[in-house]
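Two complexes are shown next, each including chain A; its partner changes from chain B in the first to chain C in the second.
And now, the complex of A and B:
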C-alpha cells in the first residue's frame, strides 16, 4: 500500500508522530507488528489479508509509550479496540494518529473518536452464523456433557497467557493470575485452574470485548476461547440491548439500570 | 448413615441478608444447618471468583443474597451485582457448570422467615441434585494422580 507508506513517512518526517505501529513481514508467510521510527523504514510497512493481529494492544504498553506519540495502522478490529479504549479513558484523541483502513483497503483518516464511531456504525460487530450454530449446539447439550466438553477443550491450555497478551483490553499492569497471596488460580496446567482462568478472562471482558479474536488467533493450542466471549456478546445483546463500543454508553458491567430484568433471583 | 448432607456456602451482604439471617435466629425459626454464611460489606463486593473457589473447595451449592433493589446501603452495589450475576450465570451455563446450584436472592433485614425458606429450599434442591461430583473430579485432579 503506497498510500499507507506515504502517509506514515509524512507523519514521521514532520515529526507529528515518533513511531508508526504497523504490520511488516514476519517469518515464513506470516506478518508481524513492526514499529517504524524513521522515514527510510516506512517501506517495510505492508497491509493485506494476513494482517490479523490487533495492533491496538501496543497503545497501552509502557515500552511503546516510551517511543513517543504513535500513529497506528487500524483496520476495523483495531478501530473497535481503539474506540473501546477511549470509552475506558485509556487513550485520548491527542495521544495518537489513526491510519484507518477500510474493508476495501483504502486509507481513511480519523481526527476524532466520534468519527470512528460514526464509521463503525455501518460496520457493526456481527457474530458469524457458523459460530452462532456452534454456540447453540453447545447450549443444547445436557449440562454434564457440556461440562465434559469444555474440560476437554480447555485441557491443552498450559497457561502461556498469549490470549491475555494479545488482547488490547487486557491492559491491567497486575493481573489476578499473578496474585499469589492467596493464589487465586493454579499456575499449573490443572483442569480446575484452566477452567477458572478462562472463566475469569471471559468475565473480565464481559461487555467490553469487541470480538477481534486476537485471543483465539494467538492461542498456540487453538482452544476455541472466542466462543466464550462471543456467547457473552450475545448475552449482552439479549439482556442489555446492543453491544459494541460507544462513546455515549458506559460498559455493561460498570453501569446499570434500576429495572434490569432477570428471572432467577428470588 | 451415609445420607448425603449438602455443603452450602452463603455469600450475604452485611446490611440486609446478614441482619435478616440474624432475625431468623432471634425469631427462633428453625432451618437447615447445611449453610455456612460468609458476610460481605455489599453484594457488589462478592467477586465471582469466590463462587468458583467455593465449588473448587467442595461446596455442593451456593447462596448469594443481598438487599432488595433500591435498598442498597451504598445505593447501587446490588444493581451492579445483578448485572454481573446475569452475565456470570450465562457464562457458567455455556460452560456446563450447573447453575441450579447457585441460588440468588434478595433478603431484607426484616425477612427472617424468607431466609429460612431460601436456605431450606436450596438444601432440598441440592439434596435432589446430589454432591457436585463433576466439579470435584476436576478440582481433585492432581490428588487422584498422586494416589495412583
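And now, the complex of A and C:
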C-alpha cells in the first residue's frame, strides 16, 4: 500500500510523529502489529484482508506511549475503537495521527474525532445474520438450558485473559479480577470462575463494545465469546437506541436519566 | 483416556470415551497435556472451622485415577521432564507426583512439522523417546513401530502381547519429519547471561498484550497462584494457573513492581526457560513445540527472539 508507506514516512521524517503503529508481515501467513520508528522501516507496512488485529489496543499501553506521538493505521474496526476511546476521554485529538483505511483500501485522513464519527455513520455496526440466528436460538432457550449451554461453551476457558488483553476498551491498569480485598471474581478456571469472568467482561462492555471481535480472535481456545458481546450490543441498541460510539450522546450505560427504560432489570 | 480431539477448528487434548473420537491429523494440539498432572484449578485442601478447631482434608491423601495419555507428540512427552523437575526441586509435590505416577504416556512421533516447530533446536526431535512410556512411529506399511521405553510401557505390551510383534530393526528415521535446526541452545544459553540490559527484549515484545496464552498453552510453564475460596466456616484452597506475562505478576504489597514493563516480562520468560532452568536442573524449560507462537494473539513468535540473539 504505497500511499500508506509514503504518508508514514513523511510523518516520521517531519517528526510529526515518533512511531507508526501498523501491520507487518508475521509468522507463516499471519500479520502482526509493528511499531515503525524510522523512515526506512516504513517499507514493512502492509495492509490486506489478513490485518484484523485491533491496533487501537496499543494506544493505551505505557510501553508504546513512551515511544512518543503515534500515527496509527486504522481500518474501520480500529476507527470505531479510536472513537470510543475518545468518547471515554482516553485520547485527545493531539495525541495521535490517524491513517484511516476505507473498506476499499484507500487511505483517508481524519483531523478530528468528529470527522471519524461522520465517516462511521455510513459504516454502521451490523450484526451478521448468522450470529443473529445463533443469539436468538440461545435467547429462546429456557434459563436452565441456557446456563448449561454456557457452562459447556466456556469449559475450555483457562482464564488466560487474552480476550481482556486484546480488547482496546479494556485499558484499566488494575482490572477488577486483580482485586482481592475482596476477591470479586474467582481467579480459578472452574465453571463458576469462567462464568463470572465472561459475564462480567460482557457487562463491562455494555454500551462500549464496537464489535471488532478482537476478543474472539485472541482466544487460544476459539471460544465464541463474541456471541456475548454481540448479544449485549443488540440489547443496548434495542433498549437505548442505535449502537456505536458518539461524541454527542453520553455512553449508554454510564449515564443516568430519570426517564431511562429499566425493562432489562425487571 | 486423554487424547487429541477435534473441537471446531482446533484439536485439543480432552477426555475421550471411544477410539473414533481421537483426532489423527494434527501437528500439535492447541492446548498441552500438562493439565493431566497440573490441572488449571486444583484443590489442595478443604477446611471446616468450628469454635475449637479447623478440620483440614488434604488432597495429598487422595488417590488419583489411572490415566492413559494417548497421542502426545515427542515434544509433549519431553515436557514432563522439566515439569517433574519443577515440582520436585526444593519440595516434592505430593499431588503432582501421585498424579504423574498414574499416567501412561503413549506418544506418536511426528511425520510432519511446520515452521512453528523447533524441537531439534532444544535437544529434542520428532522421534524423541524422552518422557514417553511407549513411542509409536507410523511406518509406510501402515504398521507402527513401538519403542518400549519404561517398565510401565513394558507392562502394557506384556498385557497385550497379541497386538505386538517383535521385529528386527525397522527404519524409524525415514518415517520422521525433517525439522530444521533454528539455533544452538547451548550458544543461546551462554549468550543470555550477558543480555540482561539489551534492547532486544523491548524490541521483540512491543506487540505483546500481556495475556497468559503463551504460558497456559505451554507444556512446561507451571507458575501458579494460590486462591482461597471461602463460604462462612468452610472453604477450599486452590492452586490455579498464573503467568509471568501479566502486568501484576510481580507486584509487591508495597506497590513496587520490579518487572513493570512488558519487555522485562518477556526477558523473564526467555531467561527462565533458556538460562535459569538449564543452570539449575540441566534441562531447558522449552521443548520446541511452538504452541506459544501459534496461540499468541499478537503473533509474538519465540523463534524471532531466539534466532535474533
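The rule is short, and it goes like this: the second predicted complex is superposed on the first by the 261 of 266 C-alpha atoms of A that agree within 3 Å, B and C clash if a C-alpha of one lies under 4 Å from a C-alpha of the other, contacts with A are read in each partner's own complex, and residues count from 1 in each chain.
Criterion: a residue touches a chain if its C-beta (ideal position, glycine included) is under 8 Å from a C-beta of that chain, and two chains touch if they have at least 3 such contacts.
Since the model is a prediction, treat every value here as computed from it, not as a measurement.
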Clash or fit, chain B versus chain C on superposed chain A: fit
Which superposed partner A:203 touches (first chain B, second chain C, both, neither): first
Superposed model, angle subtended at chain A by chain C and chain B (C-alpha, nearest 10 degrees): 90
Which superposed partner A:146 touches (first chain B, second chain C, both, neither): first
Which superposed partner A:262 touches (first chain B, second chain C, both, neither): first
Partner chain(s) touched by A:235 [first = chain B, second = chain C, both, neither]: first
Touching partner for A:174 - first (chain B), second (chain C), both, neither: second
Touching partner for A:190 - first (chain B), second (chain C), both, neither: both
Distance of closest approach, chain C and chain B, by C-alpha atoms in Å: 6
Overlap of the chain B and chain C footprints on chain A, listed as residue numbers: 188, 190
Chain A-facing residues of chain B, complex: 48-49, 52-53, 56, 69-70, 76, 79-80, 82-99, 103-106, 118, 134-135, 138-139, 141-142
Complex contact set, residues of chain C against chain A: 7-10, 12, 30-31, 40-41, 114-116, 202, 205-207, 209-213, 215-217, 225, 227, 229, 238, 240-241, 243, 246-248, 261-263, 293, 295, 297-301
Residue ranges of chain A in contact with chain B within the complex: 135, 138-139, 141, 143-151, 176, 184, 188, 190-192, 195-196, 199-200, 202-203, 206-207, 227-228, 231-232, 235-236, 239-240, 252-258, 260, 262, 264-266
Of chain A, residues touching chain C in the complex: 26-28, 30-35, 53, 57-58, 61-64, 156, 158-162, 164-166, 173-174, 178, 183, 186-190, 193, 214, 217-222
